[in-house]
């Protein structure tokens, strides 16, 4: 008897700020199993956070904090040479703020995913990874920690595990990969995969063959338990719907990442 | 056998922001029993909050969040026509952020005091008071809520009590009072009492006779269980030291507000 | 021989902030004659400002600064109890920043319109109006100053004229008016007129009969030389297109406000 | 007949933000000939800028913009991976805002000095240097541009000159130099020279022998026409006073940088 493959489907949501409403959150959230919710430092604000948590609750989607660098102007998408101590405190602050909003909505925070370039900085620097993970462990060691699938994510994954966190590894169907295993920078041409069917095929290959084709045509190894669509990217609703239905058509089942660790 | 009078002595501390270091926090904190710690919206940032919580812990001082309006440029000292729903979410966010920082330092948040003009807005508007109190009650109903001593603070006090919060009422020795019972605005002449001995006398009279002389020479009724010195005001260290020693000389004892409710 | 009626058609544009892109600027800007461009304090940022100025230049639209309160989170739509001196300096700073961006694009700033609640605060308070007008006069007395049409705008208009500024008075076709002549607050039901044909009829009546029907059915007097559509409001492109074509069909001509003073 | 050596003495001033007052501006400004004034992005705000311009005018000190990265929390002291286009627009915005404040005070902006890590980023990257210089040239090609003395500043200096700007080269008496010619990072031990007499000796040697001793004891070449003291650093008033009197005692004369180009 064969076991059905199960993955988590997550999305970065709650990116609006005040009257600056962006993203197709309500549509995307219907197709996902985990929501990574902005905490007000690169996107989001207390009201948006509250509404997004309620939206996730309505659709039975797990919620996690999506803490970031203090860069609303850059949407967190620019490296900042912060110290580990700065990053530790920034993450801690955002975890607490997000947790309060979950608490009053009677929903439990299930995971944490670092946002935008804080995520990339943690991939590139063990000190930054450790600072983030320290904040998570000290705040709540039961939170699932989202790391980057593939070889480049190994260091961050190991630090998280060594410090006692359960991890899920994440694949980005809507982003191009470089041969070195990193995402192609959004500043460069061809950084996005915008065709939903192509993105779906990439997920299937990542899940079934553990491979993704990079932008020079070579394959790299991918070991993902979750896939991510950015809700604020154009066409996100259609992208999420297509990936969900294509994968289900191929026999993949979806479940929250808390069931995968 | 006579019972010794006991009061709490609190201070608004942790107002620095990044490299913008202000206030005589380390000196003031040695004389107080409760610290109202800024939460990053009008003053404070995650690192300053962490250091201030550690400072309070070192001197065995109770800690409470000091949430405010989103107005760093105005240090929270300008009314903003926010809705009750906005205020509720802003307070909740800051409570959570502050709580996380207390938690990792193994110190329990004991109270909440609204900051600057959010405090004054809550005194003036039952809707705003209710929004703040809702956030506190839903987040942690065991938190002591600081309200304004005197008749003007009655409405806010009643709403807090009706919603199940323990309250302590607060007197400001370093601020002039208007005959209507409000503080004289900082924008006006004569809003400050800067002589530490005069401030001490005002506290003694407030505690022993339940009276404070307003700026037109008349007395109003004051029922305070805590007194507050603003750490970021010039001469705060000397002010706190003098009040503490003068009151002890007159037989007043100091204890954290958590012991007064 | 009859003279053709001429009016200016303006829009509040450039409200995006970083990656938080909002508004139908490129569509709206094709139908207007003057662009009120956000200056980074409630919307806009230096890049958005630059792109919006270039967009206006491309479509031969006059440009003016749209300075606001320091409230990005509230999109400037909340009164803040700032002093006149604060407001004066805030407006001055934004005028200069905007002017630099016009200058390098070889386009001359033609006018100034206060943004959101700074506009409403200046309508309600002569001190605030005077502070804003002082900043404009001292920076460049040749700038046209946009004031509020109808009786409520008289005080601001008089202060501007007395201080040497040319003014144009502004009517809002997409907003409901209260009997007292103010706009119905966006916080209330029925504050918006979202049907483009209804809005067009309101403009025609305001221009030809100097009247607008308020939300209690009574008429008030309106003396407008410019009409405004908010680009960031849903359906703004269609609204602007409809008003433009409807008014032209009725023989109204459009010209930049600099030709009307 | 010998010619007296003449240098400019500048200071980074106006770093306060709202009620967060920092720096010994009024004392320092009495000893300097040029003031580099923060523009509200890492320090300063419109009111502080206005007051600082007036202070400089009172003491007949030249004024220049001190534009920075959008990082108030980090006081501009952290590299941010901004694009050249972002930096160009950020600098332009701040130049314009500052210029408006000079203009209404009837004082002419004389120079520009990049602030904190924007300065260091421009030293390290020709693209960033070019973006900043483009903004300055397009806004006002008569502004004197402050570059970094010594070999490390050559690239930035050459780009400024090639684009038509007059430059003065700057030495930091209160900062340690690394053997490679950069300043020792403030994050490291021994980055500051806090003894005013030692700092004065360093200036004398830099001016007379074109040498500064680095933190490994070796000398590097320095060709400075201006020296800088940071007003917000502890002891800045005494530092500025001592350097001024020590240098005058050794026959060095002080004049604004506008007289040196």
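Think of it as A, B, C and D in the order they're written, each chain with its own count starting at 1.
One rule holds for everything that comes next: contacts are C-beta pairs under 8 Å (C-beta built on N, C-alpha and C of every residue); 3 or more make two chains touch, one makes a residue touch a chain.
What you see is a predicted model, and the numbers here were worked out from it, not measured in a lab.
Chemist: Listed by label, which chains are in contact with chain A and with chain B?
Modeler: Touching chain A as well as chain B, we find C, D.
Chemist: Does B-D or B-C have the larger number of C-beta pairs in contact?
Modeler: B-D
Chemist: Using mean CA coordinates as chain centres, what's the gap between chain B and chain D in Å?
Modeler: 41
Chemist: So, what's the distance in Å between the C-alpha centres of chain C and chain B?
Modeler: For chain B versus chain C, the centre distance works out to 42 Å.
Chemist: Which positions in chain D touch two or more other chains at once?
Modeler: 45, 73-74, 86
Chemist: Tell me, which parts of chain D touch chain A in their complex?
Modeler: Where chain D meets chain A, its residues are 70-71, 73-74, 78-83, 86, 117, 187.
Chemist: What residues of chain D sit close enough to touch chain C in their complex?
Modeler: Checking each residue of chain D against chain C gives 40, 45-47, 49-50, 85-86, 89-90, 92-101, 103-104, 135, 138-139.
Chemist: Give every residue of chain A touching chain C within the complex, in rising order.
Modeler: Those residues of chain A that touch chain C are 15-22, 43, 45, 72-75, 77, 232.
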